[in-house]
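What follows is a single structure, and I will ask about it in a moment.
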Amino acid sequence: MLATGVTAIVLGQRRSPPIIPIYMLCLLLSVAGCANAGAYLIADNPAPSMMTLPIGLPWIGAHFALDGLAAFFLIVVNLGGAAASLFALGYGRHESDPQRVLPFFPLFLAGMNLVCVAADAFSFLLAWEFMSLTSWALVMVHHRDAANRKAGYVYIVMASFGTLALLLAFGFMAGPDGAYAFSAMRAHAHSPAITALVLVLALIGAGSKAGLVPLHVWLPLAHPAAPSHVSALMSGVMTKVAIYGFVRMTFDLLGTPPWWAGLVVLGLGGITAVLGVLHALMEHDLKRLLAYHTVENIGIIFIGIGLAMAFQANAMKAAAALALTAALFHVFNHSLFKSLLFFGSGAVHAATGERDMGQLGGLGRVMPLTSFVFLVGCVAISALPPLNGFVSEWLTFQAILLSPDLTQFALTVLVPAVGALLALSAALAAACFVKAYGVTFLGRPRSDAAANAHETDRFSLAAMFVLAALCLFAGILPGFVIDALSPATIELLGARMPIQEHVPWLSIVPIAESRSSYNGLLVFLFVTASALLAAWLIHRFASKELRRAPAWDCGFPDPSPATQYTSESFAQPIRHVFGGIAFGAREAVDMPSPGDLRPARLTVTLHDHAWEWIYNPLAHLVYAIADRLNYLQFLTIRRYLSLVFGVLVLLLAILASWPI
Amino acid sequence: MTAAFNSLIHPFAANAVMLILVIPAASAALLFAVRDYRRSARLNAFAAFLMLLAALALLVEQPPPGDYLHVDDLNIVFIILNSLVGFTTSLFSASYIAHELEIGRLTRAQLRFYHAMYQLLLFAMALSLLANNIGLMWVAIELATLTTVVMVGIYRTHEALEAAWKYFILGSVGIALALFGTILVYLAALPTVGEGAAAMIWTVLMSNAGRLDPAMLNLAFIFLLLGYGTKVGLAPLHAWLPDAHAEGPTPISAVLSGLLLNVALHAVLRFKLVLAANPGAIAPGPLMVTLGLGSLIFAAFMLYRRRDIKRLFAYSSIENMGIIVFAFGMGGPLANFAGLLQMTMHSLTKSAIFFTVGQISQAKGTQRLAELHGLTLTQPVLGWGLVVGVAAIAGMPPFGIFTSEFLVVSSTFARQPLLAIPLVIGMLVGFGALMLRLHDVAFGNPGGPDHPVKSSYIPMTLHLGLVLMAGIYLPGPLVVWFQHVAEMLH
Amino acid sequence: MIDGLSVQLAQMALVLSLAPLLTGLVRKVKARLLRRRGPPLLQPYRDLVRLVHKESVVAESASWLFRIVPYLMFAATWVAAALVPTFATGLLFSWSADVIVIIALLGSARFFLALAGMDVGTSFGGIGSSREAMIAALAEPALIMIVFTLALIAGSTQLSTIAALMLSSNVGLRVSLGMALVALIIVAIAENGRIPVDNPASHLELTMVHEAMVLEYSGRHLALIELASSIKLLLYVSLIACVFVPWGLAPAGAPLHVHLIGAGIYLAKLALAGVLLALLETMIAKMRVFRVADLLGAALMLGFLATLLRFVSRGM
Amino acid sequence: MQHLAFDIAHLLAGSIVLVSLMLLYQVRLYALLNVFALQAAVLALSVSWQAWLQDAPELYLTAAIALVVKAIVIPLALHRMIRRLGIHREVETALNIGPTMLAGLALVALAIAVVHRVSPDANMIAREDIAFALAVVLLGLLMMVTRRNAVSQVVGFMSLENGLILAASGAKGMPYVVEISVAFSILVAFIVIGIFLFRIRERFDTVDLHALDQITGSER
C-alpha cells in the first residue's frame, strides 16, 4: 500500500536536517502517489484493494482500502503535496528555522495520505488527529509571534473538538460491541435517530476541520501563520481531506442520507460561501484573504454535497451524480488554484517581507512571471471562463437547475436561495480578487520593500506554473476530469454522469445536449483567436506606435502612491452594501473643526459574529467556572475535611433511602 | 510470617513474591546505613532493578494464593508497572537528587533518609498490591501514606511542610474511613465465612461473595470508596494531591502520580469486584462513574488557573484518574480494557512529564508557569519532550492514551450517550487548558536563567517511547492479557 | 452545417458592425429629445477610426496587463455577443456555450477592465474599479437568477433552445417571466453603465464609474474598449429581444429569405430598443452611487422571486 | 444471662455515643479533654467487656492501650501543650453548639437507619454495635469539621478512632484488633507530635516553621 510506504519512508527520513533531500523525497513520493492513484482511476472497472496491518487497535488491526473516492482524494493530496514540495525546494531557503518545518512537513503529508486510505474508525481518527497535530506543529513554527501562538492554540482546540465529534459519531456507528471497521459499519443498518445524530456529529467534526461557518474561526488565523507552502497544503489540501471525511461518512458509511440533511448542509454551505468571501473582501492581509476564500470555496463544495444528498434522498441518481461530481470537481480545482495563490503570496512574502497589501503594489513590473501565474490563479478562483473554477460552478448551477423535481417543499424553497447565494459569492469573489491582484501587483509600489522586490527562484516558479497549467487544462478539457471522477460517484451513489470523452469537440454535457453543454476549449480558442485577430488587424492596418507619459488622471497627477486606492477603500462600497448585515460594520468620522490642523480620521469597526456570539461567551464561561472552582484550591484543612464529611453523609443518606 | 509462606506457597514462585517484598525492605534498611549519597543512589537504582526482575519473574509462574499474599493477573499488571516506573524513577532521582544537593536544597542526611524512604515506599506499595488479606492491604497503604508524607515534607520549606501536614491529616482520615470499611467487610463475611482471619482473605471473600450480607457490603463499600478514594485523588477528596505533588521532590511527584494513585485504585477495584459479585448489593458502577466524571470535569476546570507547573500536572493526574475510574465504573470488556490501558499509559506518561518538569525547574530555577517560556528554543530536548509528553497526556495520536480514550468515549457513547457528553466536554476543557499552558511554556520568547541540565534523558525517552509504541502497536500477548483482566473485572 | 456556419459568421460580422450604430442612434435620439442636433448617426464609427489611427499614450506606471486588457475585453465581449441569437437561432457554435457562459464571459471582460483601472495607480481608476466591482457583485447574481427562471421554463440553459421555445408560443404569459423581464432591464442598464446607474457622457470625476476605469486609455486601446462596450449594449438588447420578443427569429435550417426577414425584424427591434433607452435616459436623473445598490438589490429580489415561483409551482 | 450480657454491651456502646455527644457540647478545652478521657475510659470498659464476652484475651490488651494512652497519656500531653503553647482555652466553633448537637443527633439517627438495613440474621451484637460505632465515627468527624482549634480537632479524630476500636472489638473474632489499635495510637501520636513540632497553636492549617528550626537545628 502506497500511503503506508509514504509514512514509512517519511518517518525514516524525517530527522535529516538538509532541506533539499527531504523536499525532493516528498516530491518523488507524492508524484508516485499521484501516479498510483491516477492509475487506479484510469483503469477500467477498478476493484477496491484492501489491506490490513496488525497495528493500531488490537483485535481489529488497521484496515486500509483504496477505492475510487480514496484514489481521487489521494490525487488531490499528493498533487498538492508534490507542488508544495517543489515550491519548498526554493521557498524553504527563506525559512528562518527550517528544523522546525522539516520533520513535520513529511509527517503532515503522510497523515493526510493515511486519512484517505484508512478503512476503520480507529486508524481514520488516528491519522486525522495526527494530521492536526503535525499541522499544528507547522503552524507553531514562527512561535515567537504571539498572534501565531494564539492561532495555534485556537486551531488545536478546534481540531480536537472536531475529532471528538467524529469520535462520537464513529462510536455510534460502531455500536456497543465496537465494530470499528468501515466494512462492518456499512453492513450495519442504522436507525433514523442514530443516522441523524451521526450526520450532525460528522458535520460538526468535518466542518470544523474544513472551516464551515461558524466553525471557521481557526482557519483565517492558522493558515496564514504557517510557512506559505504549508499554508497552501492546509488551505488547499487539508480542508479537502475534511471534505473526504464527510463524504465518506455520509454517503458511504451511512448509506442514503435523509433529505433534511441535504437541507442543513445546503443552508450551511450557502451561508459559508457568502460570509467567507465577504470576510475575505474586508481583509488587507494577503494570506488571511486567501484563507477566508478557502472558507468560501468550502461553502461552494458543501452546496454541491448538499444537493447530492437531497437528490440521493429522492432517488434522483443522475442528478445526485452530477451534484457530487460538481462538488468533487471543485475540490480538485480549489486544491489547484488555492495552492497556486498561496505560493504566489509566499513568493511575494519572500520578495518583500510583507503580507499587508497596504505596503505592496506595483509588483507586476518587478515580478512579472509571478504576477502572471497569480493572475491565472485569480481568474480561476473567480470562476471565470475558460479556467477550471468556472467549470465546477457551472456544473453546480446545472445541478441546481435540476432541483425543482425535488419533492420536499423546504428544499424547493431553499435551493433557489442557495443558488442566489452561490451566484452572489461568485461575483463577490471576482471583486475580491480584482482587489487582491490590483492592490498587490498593479498600481505603484506603496513601500520600498515592494519597489525593490525581485522575481522569485526557479523552483517556486516551476511549482506555480505547473499548477497554472493544470488549472488551464482542467478548465478547457473538463471532460477527462469528470470521467476520472465517475468511479467515486458510482461507488457512492451507484450512478455517474454521462461519459464525456465521446462527446464531439470535447465539450461536456451534464445531462443532455439540448439541455446544456459547455466547451471550454472552443471558448478559449475563440477568445484567444479573436483577441489575436483584433491585435493583428490593428497593428497591421492601423497605428502601433506607443508613447510612455505620466499618468493623466483627469489632470490631477498625484505624486504620492498613498493616493492610490487601498484594499480598504476598494472594499468600501461593498462594505456599505453588505457590511451592516454581515459584520455589523460601523463607521466613525472624526472631522477636525476648521483651522484645526490634525488629520481627519475615519475609523471602521467590524465584528465577527461567530466570535462574539459563540466563542468569546464560551471562553468567558469556562474562565468563570474556573475562577469559581479555583476557590477550592485555597481552603483550610477543616473545610476540606468537611467536603469529605459531606460526601460521606450524602452517600450514607442515599444508602439509607435506597430501595431494597 | 515466612513460615506461613513456605507452608503455603510453591517454593519458586514464593521466591519471586518474597523477593519483590524482601528486596526493597532489605535495601531500605541497608540504605539507612549507607553514608555516601552517590553509592546509595546507585544502590537504590540497583535494588529497584532487581525488584523489576523479580516482578517480571511473576510472568513466568504465578504461585497459588496464600493467606496473606496472592498473585493474579490483576495485580501482576500493577506490580510490573510499579516496579518498572519505580526503577526508571530511581534512575532519574539519582541525578536529580544529586543536583538538589549541589544547590543545597537537601543535606546529605536528608539524602540518606530519602533513598531509604524510597525503598520503603516501594515495599509498602508492593505489599498492598500483593496482599490477599484486606487488613494487610490496609496496613500497607497506611505505611505508604506515611512514607510519602515524610518525603513530601523533606524540603522543610514552609509550603512543603504545610503540604505534608495537609496530606497527613486528610490521609489519616481517609485511612480511618478505609479501616472502618474493612471492619464492615469482615462483619459482612462473618455469618457466612465464620470467625477468624478467613473472613478477611480476599480470595475467600470472592469465592463466596454471593452469600455475603449485601446491606453490610454496601455500607462497607461506601467507606472503602471514600477512604481509598482519598488516595486515588478523586474530587472532592483530592485536596492533598496537588500540594503534595507540587511541594515534594519531583521524583516523588512522579511516583505519587504514577504509582501510589494506582495502588489505591487497585484496592478500590478489589472491593468493587466483591460488590459486583454480590447480587443483593448496590451496583458499584454508578458510584464510580459519578465520582470519575466529577473528578474529570472538576480537574479540567482547575487546570486553567494554575500558576505552578507541577500543580498543573497534578491536576491533570486527577483528571486522568477520573477518566480511569469512569471507565472501570462503566465496566464491560471494552471500557475495562480501556481503563487498564489508560492507567498504564498515564503512569508512564505522567512520570515522564514529571521527569521533564523536574529537569526544567532545575534548569530554569523555578516552577512558576509565569516564568517559563520558549523552552523549545533554550532547552530543545526538554521543550520538545514536554510537548510530546503533553500531547500524549492530552490524548493526541500516535500515543497510547489516544487509543484508550478512543475506546472509552466510543464504547460509552454507544451504550450511554448522555454520559459521553460530559465526558467529552471534560476532556475538551482539560485539553484546552493543557494546550494553553503548553503554548506559553514551550513556545514564545524565552526568558530567565538557563542552567545546564545534568540529569539523564533516558527515563523520559524510555517512557515516551513505550507510550508511542503502545499508540501504534500493542503487542498481542499484552492485549490478550489485558483482555483477560478486563474479563475478570467485568 | 454550412448554413449554420454561414449564419454564425454573418451574425459575428453583424454585431461587430451594428454595435456602434446602436450607440450612435441612442446618442442622436437623446440629443434630439434634448432639443440638440446631436452628432450624426455614424459618429461612433468615425471616432473609432480616428482613435485607431492615433498613437496610444500609456502611463509610465502601467504594467504589461494594461496593454493586453483591451484586446482580451474586446474578444470576450465579441465572442459572447456572437453566441446570442440575433436574427436566427441556428448558430453553429451555440452549443459550445450556454447563457451562463455568456454571462461569465462578460464577467471576465469586466474583471480585466477593473484590473486595468487599478493598474496605473491613480485614484480615479481605483474609484471606477471598486464601484464597478460593487455593481457587478449585485448585477451578476440577479442575472443568474433571471437565467434560472428562463432555464426552468425552457428546461435548458441554451439560448437557442430557450428562444426556440419562446417562439413556439406555448409559453403564454407568466408572472415569473414578467418579473424576469423587469429585472433583466434593470441589470442591462446597470451593466452598460447607462443612466440612472452611470452616465456614459459624464466626465465629472466623482460620479463616473465606467469612464473612470478607462480614464488612462487612449488611441487604439480606447477604441477597442469603446467598441466592446457598444457591443455589450447590443448584446443585452438582442438578449432581451431573443428571449422576450423572439418573433421573427429565423429557426435553424430555414431558407434564406426567412433569415433576411429575421434580419430586418432584428434591425427594427434594435431601433426600437435604442429609442426606448434614449427616452428612459432623458426622463430620469442619475442616482447616487450607493442608491444603485438598492436598485440592483431590487432586481436581484425580482429575479429570485421569479425563480422561487418557478420552483414552487410550474404554472407560474 | 446471655441476653443480659448483650444488653450491657449495648449499654456501654450507647454510653460511648452519649459521651461523643457530650464532647460536641463542650466549650472549654480542658473540659473537652476531660470528657474525652471519660470516653476513652468507657471504651476501655466496653472493650474489656467484649473480651470477657468473646473470651478473647488479646482484647484486654486493646482495652489497656485505650485506657493508658487515650484516657491518661494523651489528655495529659494535650493539657501540657495547651499550657506550654499558651493556646487560649475556648473551643472555637465553626458551627454553634446548638446546631452541632442537632446535627449530631441527626447523624446518630442516620447511622441507625443505615445499619438497620443490615439483615437481622447477622448476629445481633454486631449489628447494634456497628450502629453505635458508626455513630461515634460520624460524630468524631463532625467534631473535626465544626471545631476550629487544632486540639479539639485532634480530639475529634481520636474519638473517631474510638469508634473504630469499638467496631473492631464488637466484630466477633476479628484478628489484628490489637495491631490496629497500636497502629492508630501511633498515628495519633504523630499528629500530636506534629502539632507540638509545628507549634500549631490555633489552626491545623498554619504550620510555624521557625519553631521547627529551633527544635531540629537544621540549616536552610
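Letters A, B, C and D name the chains as they come in the text, with residue numbers starting at 1 for each one.
Note that in this section a contact is a pair of C-beta atoms (placed from the backbone, for glycine too) under 8 Å apart; a residue touches a chain by one contact, two chains touch by 3 or more.
Every value quoted in this text rests on a predicted model; they were computed, and no experiment measured them.
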Pair of chains ranked first by number of touching C-beta pairs: A-C
Central chain of the complex, centres being mean CA coordinates: A
Chain located farthest away, centre of chain B as origin (C-alpha): C
Cα-centroid distance, chain B relative to chain C, in whole angstrom: 79
Inter-chain centre distance, chain B versus chain D - centres from mean C-alpha coordinates, in Å: 32
Chain A-chain B separation of Cα centroids, rounded to whole Å: 45
Inter-chain centre distance, chain C versus chain D - centres from mean C-alpha coordinates, in Å: 100
Where chain B touches two or more other chains at once, by residue number: 165-166, 169, 173, 215, 218-219
Residues of chain D engaged with two or more neighbouring chains: 114, 117, 141, 144, 204-205
Interchain pairs in contact, sorted by label: A-B, A-C, A-D, B-D
Chain A partner contacts - residues on chain B that touch it in the complex: 165-166, 169-170, 173-174, 177, 215, 218-219, 222-223, 225-226, 230, 236-237, 239, 242, 282, 287, 298, 301-305, 332, 334, 374, 376, 391, 394-398, 402-403, 406-407, 409-415, 417, 420, 424, 427-429, 431-432, 435-436, 439-440, 443-445, 471-474, 476, 479, 483
Partner chain B, residues of chain A touching it in the complex: 54-59, 121-122, 125-127, 129-130, 133, 140, 143-144, 146, 149, 152-153, 156-157, 160-161, 164, 167-168, 170-172, 174-176, 178, 180, 197, 622-623, 625-627, 629-630, 632-633, 635, 637, 640-641, 643-644, 647-648, 651-652, 655, 658, 660
Interface residues, chain D side, partner chain B - complex: 114-115, 117-119, 121-123, 126, 130, 133-134, 137, 141, 144, 157, 160-161, 163-164, 167-168, 171-176, 179-180, 183-184, 187, 190-191, 194, 198, 204-207, 209, 212, 218-220
Chain D-facing residues of chain A, complex: 636-638, 641-642, 644-645, 648-649, 652-653, 655-656, 658, 660
Sites on chain D touched by chain A in the complex: 94, 107, 110-111, 113-114, 117, 138, 141-142, 144-145, 148, 153, 203-205
